[in-house]
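Following this line, the structures themselves.
Across the two complexes that follow, subunit A remains constant while its partner is subunit B and subsequently subunit C.
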Partner chain A sequence: MSLHEVNPSIKAFAIVISILILSLFFDPITPLVTILWSLTLTFLFGRVSFKKWLLLFAPFLFIALIYVWTTMLFPRLQEGDTVLWQWGFLTLTAEGFQRGVSLGLRVLSFATLSIMFTLTTKPTDFLLSLMQQCKLPPKLAYGIMAGYLFLPVIKEEFQTLQNAHRVRGVARAKTIPEKVQQLKRYVIPLLAGAIRKAERTALAMESKGFTGEKNRIFYREITVSRIDWLFFILMISAVILSAFISWKLGYLQFYNREL
Partner chain B sequence: MSPFEPQIKANGLGFSYEDSNIFTGLTFSIEKNQSVLLLGPSGSGKSTLAYCLNKLYPEAVDGELKGSLTFEGQTLDDFKPGELNQKIGIVFQDPESQFCMLTVEEEVAFGLENFHVPRSQMEAKINTALEMVGLLAEKRTTIHTMSGGQKQKLALACVLALQPEVIILDEPTANLDPLSSTELVETIARLNKEHPFTLIVIEHKLNDWIELIDRCLVLDSSGGILFDGSPEQCFGEFAPYLQKEGIWLPKVVEVGMTAKSAGLFKGERLPLCNDELLSGLENTAAFFKKEIKTITKKDSILEVNSISARGYLKNINLRIQQGELTALVGANGSGKTTLSKCLAGLYPLTQGEIHFKGLPLSKWREKDLFQALGYVFQNPEHQFITDSVYEEITFGMEDKSRVTALLEKMGLEKHAGAHPFSLSQGQKRRLSVATMLVHEQDLLILDEPTFGQDANTAYEIMRVLDEKNGAVFMITHDMELVDQYADTVHVLDKGEIIFTGTPESLWEKHEVVNRARLKLPFRKQLQNEIVRREIHVAT
Partner chain C sequence: MLAKWKLREIIVLSVLAVVFAVVYLLFLQLGNVLFGLFGLIGYDIIFGIWFIVSIIAAYIIRKPGAAFLSETVAAAVEVMLGNAVGPQLIISGMIQGLGAEAVFAATKWKNYSTWVLMAAGMGSSVFSFAWGFFVSGFAALSPGYVTAMFFVRVLSGALLAGLLGKYLSEGLAKTGALNSFPLGKEHKRNVTV
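This part shows the complex of A and B:
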C-alpha cells in the first residue's frame, strides 16, 4: 500500500477536510499529534526523499518560527495572565507562550498535510482524477496541464533574455525608473513568446481533435476503490483522535478569534 | 463522392486576418494519395493554407475565409468541430510546443481519447503507431527528455494513430540535426509506401524530399499561385523564378543552375537528381575544381584551455583565429549553444580558462568585452531592447554616421521607424545581426543565424559574415554552409569536441560524421557518387 496509489481527488478531499477540522481548534496538542501522524504516513507509505521533503518544509518552518516569536513576545495582555518574564516593553506570559506555540504548530500541521499530498501525487494523475471523479471540464484541465509543462521553458527563456540584454550592453538596473524600464524590456518578449507558444500548443491540441467536449473515454482510468475511502476515513479519524487526545490532556480549545 | 472528385478542392480560396489578405483567389485540387510539396517565400501563407485545409483556421484566429473548400466532395462547413482532424492530421514545426501530456503513450492516447476510441482498443492502436515510427521502446518515456528528432517522430505517431487520409507536414525537420531530418523523411517515405495517404509537405530543406514528391504547388509573396504542376517542371524550368522569390531550391537544382550558367551543363531542363546532373555535365573535373583557400598562420583571438562547464561540457580545447569563419556542428543536444555561451562569458566555467585577445575572460570589464565580442542569439526577439529599428542600431553607439550605411546593408532602411517586434522573421534576424556589427566587434558568435530564413535572407547574412573583418564563430546544422564558408569546423558530441579541422578533412572522417549525426554536403556526396561510378565502370 502506498500513498501514491490513493485516488488523488479523494486524497485532496481528505486533506482539505482535515485542515478544516484542524482550524476549528486552537491548542498546541491537536496539531502536534496530527503532525506526528502525517509525518509517519509520509515517510512510511510515501516513498518520499527526506531532502525533497525538507526543501518544501523549510519555508513553512521559517514562517512558523516568526509567528511564534512575535505572538510570544508581543502578546495581547489580558487580566489574570501569568507573567513569566518581563524586560522593557517585552513581556512573556504563559498564555502568550501557549498561543504562540499553538499558532506555529497549526501552520506546520497544514504544511505537513499539504506536502504529503504534493510529494505523493503526480500532477497528471491529479488532473485526470479531477476530470474523471469531479467533472472538471477537460478544457480547463488540459489547459492547466499544458501551462504546467511551460513553466520550465519560461524560466529558461527569462535567463536567455537576461544574457541577451547583457550582450547588448544594457547596464544592470540600479534606480527604480531604470528597473521599471528593464521590466518593460523583459515583459514584452516574454509575453510575446509565451502567447505564441500557447497558440501553437492550442493549435496542436485542436489538430488532434480536441474540442473540450465533456464525455471523453480516458486511456488511463483513475478508479475509486474501497481503499481510497478507507484512507479518507482514516485521515479524518486521526484528526479527530488528535483533538480527543488534546481534550483528555486538558488542552483542547476551540478557535475563538485569538489572532 | 464521385470517383472523379478530387479529395481536396479549393475554389477561389482566400484568407484575411486583421484586414490584410494572407492569400486570395487560390484554386487548386489535390487527388487522393498524391504527395504535394507546398512552397513559397516566408510570409506567403503556406502554413495558414495548411491550417485552413483541416479547419483549424479560421476558428482558431479572428480571420475570414472566402471561397469554397471541399473535402471528398463535402464542404468544410458540414464537418462538426474536430471531425475533420481525424481525417487530416498535421505535424508542426516546433517539437517543443505540440504536446500537452507528460509521457509518450499518454500523448498518443490524447488523440484517440478525443475521438472516443473504446479503451479496449487504445493500447493496440498506440503500440501500432509507435511501432511504425520506431518509438515502441520509448512508450513510457517522459517527452521532455527526448531529442528533437524523437519528438517529431512522436508527433507523427500521434497523427498515425488516428489513421488519417491526409497528413500535413509543416516544416517538420526545421529544428532537427541533419541525420535526424533524413531519418524522419525516410520514415515518412516508408510509411507512405506501406499505407498510402495523401501527403502535403511544407519544407525549406528539400534535398531529402524531392524523390517522394509528385507535385509542387508554389505560392508567391502576394499570396497567389505562382506554379502548380510536376516537380520536374517546377524545378527544371522555373527554378530561376523560385530563386527570385527567395524560395529554397534542392541543392541538386541549385548546382545544376550554377553549372548551366557556367556553360558546363547541357541538359534540357535542370537536374532533379544526381543521375540527371551527372549525365548532363560535360566536364566533371572542371566543375569540381574548388578554390583551395590559402591558409596562412594567423594569431588566435580566442583560446579555450580545457574548460568544463554546466556539468555537461567536458575538457574543451579550441582556438578561434583572427579573420576566420569557424563553424560549430553537432547533433541536437550535443551542447553547442552551451559552449557558445561559455565562449561569450555568459556561463560560468567549472574548470579551465578562456582567453580573449590575450586576457582571461574573467578579467574583462563586461562593457568592454561586449564591445569587442558580439553574440547573436537564436531568437532575435531576445535581443531587442528599444522601440524602433533606428534606436536598436544606435543603442550604445557614439558615432552615428554609419547608421544609414548599416541599415542599407541589411535592407532595413525603409523600416527605421518600425517597432522591432513588428518586423518579419527575416527582417528581425537581419536587425539582430546588424546590432552586433555596430561596434565592429573583433569576434562575432552566432547561434544558427540562418535558421528559419528564406533563401535570400540566408544568403545575405552569410555574405555579410563572410565580408566582415575579424573572426566569426557560428553554430549551424547546415552542412552546405560549412562546406562553402567555413575555414575551420569543430564537431561537438555529447559535450566533447571530437574533431577540429577544415571542412574538407571532416568529410573524409566518416565515423565522426556519423557519430555527430551530420551529413556530407551535396558537393561531397556527388563526388563520392562519381568515384563509385568510375569504380563500377572499371570493374
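This part shows the complex of A and C:
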C-alpha cells in the first residue's frame, strides 16, 4: 500500500478533520505524537525523498519559533500562573511558555500533515477526484484545469513583458511608489491577456460540445476502495490516540479558561 | 449556485483565481519576512492581499457566489501548486470568501460602490480572524495583542483587498478586456457619456 494510491478527496478530508481535532487542544504532547505518526506514515508509505521533504519543512521551523516567542511575550495571564520573569509590561510565565511550545508544535503538526498530502497527491488527480467524489461542478473543475494550464503561458508572457520594458529603457524600480507603478505595469496586461484567453477557451469548449452537464463519463476514473476508508479511520484514530496519550501523561489541555 | 452562470464567466473566474493563487503564494514569502520582524501580527499587516480575488471577481462579474467561489478556487489551486500548503487551506478560502460574500449579499448583489468593496474586504477579515482564532489557538495570547491583530487585519482587508482590488479591476476595465462583463460595460458607458 502506498499513500500515492489513496483517494485524494478522502486523503484531504482525513487531514482536514485531523487538523480540526488538533485545534481543540493546548498541550505539547498531542501535536508531538501526531507529528511522529505522520512522519512514520510519510516515510514508510509515501516514497518521499528526505531532502525534498526537509526543504519544504524547514520554513515551518522558523514559523513555529515565532509562534513560541509571540505567545511567550504576550501570554494570556491567568490566576495561579507561575511567574518566571518580569520586566516592564513583559511577563514570562511557565504556563505561557508551555502554551507557546504547544502552538509551535501545532504549526509543525499541520506542516507534516500538509506535506504528507502534497508530496503524495497529483494536482490533476485531486481535481478529478473532487469532481467525481465531491460533486464539484464539471464547469468549474474544467475551468480550473484550463486556468492551471495557462500558468506556463502567463509566465512566458511575463518574461516577454520584462524584456519589452528593458528594450524600451524602463528603469529598474527603486522607491516604493516606483515599485507600485511597476507592479501595475505588469499585473494589468497579464490579467487582461488571461481574461481574453479565458473567454476564447470558453468559446472553444462550447463549440466542441462541452455542456458542463453533471452526469458525464470520465476518461480517467478515480475510485474509492476499502483501503481509502481504512486510511481515513486510521488517521482520525491516530489523532484521538495522541490526545489520549497526552491525557494519560497528565498534559492534555482543552479550551478551559481561555474562552 | 452555478446554474445561472455562463461558461465564459466560470472560466474567467477560474483563471482569475489561478493567477491570484500564484500571487497569494508569493505573498506568503513576504508574510514570513514580516512575521519574522513583528511576530504573529506581521501576517495581519498584509492579510488583506489574500482576499483580493473575491473583491475583483465580484466587482467584475457581479453575480451571487463570485466572491465565495473565486476565493475557494484560489485556495484549491494553492493546494495544487503549493508544495507545503495542505487541504485545510480550502476551508480557510471558503471562510474568507463567505465573509466577502455576506457583505455583497447584504446589498442583494446590487451595490458595488467603493464602500461596499471595502466592507467586503473587512467581512473577509472578520470571518478569517474567527477561523484563525480557533485553528491557530489565539486564545493562548493576551487579549490586548489579539485585539490589535484583529484591527490590523480589518484595516488590511479594507485597503489591500477592497481598495487595491477596485483599483486593479478598473485598470483592467480600461484595457477593454472586460467589455462583455458588467464592470466593462459600466466603464464604457461612463467613457462615452
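Assorted remarks:
Just so it is clear, the second predicted complex is superposed on the first by the 227 of 259 C-alpha atoms of A that agree within 3 Å, B and C clash if a C-alpha of one lies under 4 Å from a C-alpha of the other, contacts with A are read in each partner's own complex, and residues count from 1 in each chain.
The criterion applied here is as follows: contacts are C-beta pairs under 8 Å (C-beta built on N, C-alpha and C of every residue); 3 or more make two chains touch, one makes a residue touch a chain.
Everything quoted here is computed from the prediction, not taken from an experiment.
Superimposing the complexes on subunit A yields a three-chain arrangement in which subunit B and subunit C fit side by side. Seen from the C-alpha centre of subunit A, the directions to the centres of subunit B and subunit C diverge by 70°, a value given as a multiple of 10 for the model superposed on chain A. By the touch criterion stated above, A:63 is placed in contact with subunit C alone, subunit B being left untouched. In the superposed model, A:74 makes contact with subunit C only, not with subunit B. In the superposition on chain A, A:111 makes contact with subunit C only, not with subunit B. Of the two partner chains placed by superposition, subunit B and subunit C are both touched by A:201.
When the shared chain is aligned, subunit B and subunit C each come close enough to touch A:192.
In the superposition on chain A, A:210 contacts both subunit B and subunit C.
Touching more residues of subunit A than its counterpart among subunit B and subunit C is C.
In the superposition on chain A, A:146 contacts both subunit B and subunit C. Of all C-alpha pairs linking subunit B and subunit C after the chain A fit, the shortest spans 6 Å.
Where the contact sets of subunit A with subunit B and with subunit C meet, they give residues 123, 146, 188-189, 192-193, 197, 199, 201-203, 205-206, 210.
Residue ranges of subunit C in contact with subunit A, taken from their complex: 2, 5-8, 10-19, 22, 32, 35-36, 39-40, 69, 73, 76-77, 79-88, 90-91, 134-137, 139-145, 168, 171-172, 175-178, 180.
Per the touch definition, subunit A reaches subunit B in the complex via residues 122-124, 142, 145-146, 149, 152-153, 157, 160-161, 163-171, 185, 188-189, 192-193, 197, 199-211, 213, 215-221.
Of all residues in subunit A, those touching subunit C in their complex are 11-13, 15-16, 19-20, 23, 26, 56-57, 59-60, 62-63, 66-67, 69-71, 73-77, 96, 99-100, 102-103, 106-107, 110-111, 113-115, 117-119, 123, 126-127, 130, 137, 139-140, 143-144, 146-148, 150-151, 154, 184, 187-199, 201-203, 205-206, 210, 212, 255, 258-259.
Touching subunit A in their complex are the following residues of subunit B: 51, 54, 56, 59-60, 81-83, 85-86, 89-90, 92, 94, 96-102, 105-106, 109-119, 122, 126, 144, 158-159, 162, 341, 344, 346, 366-367, 370-371, 374-375, 377, 379, 381-385, 395-396, 421, 435.
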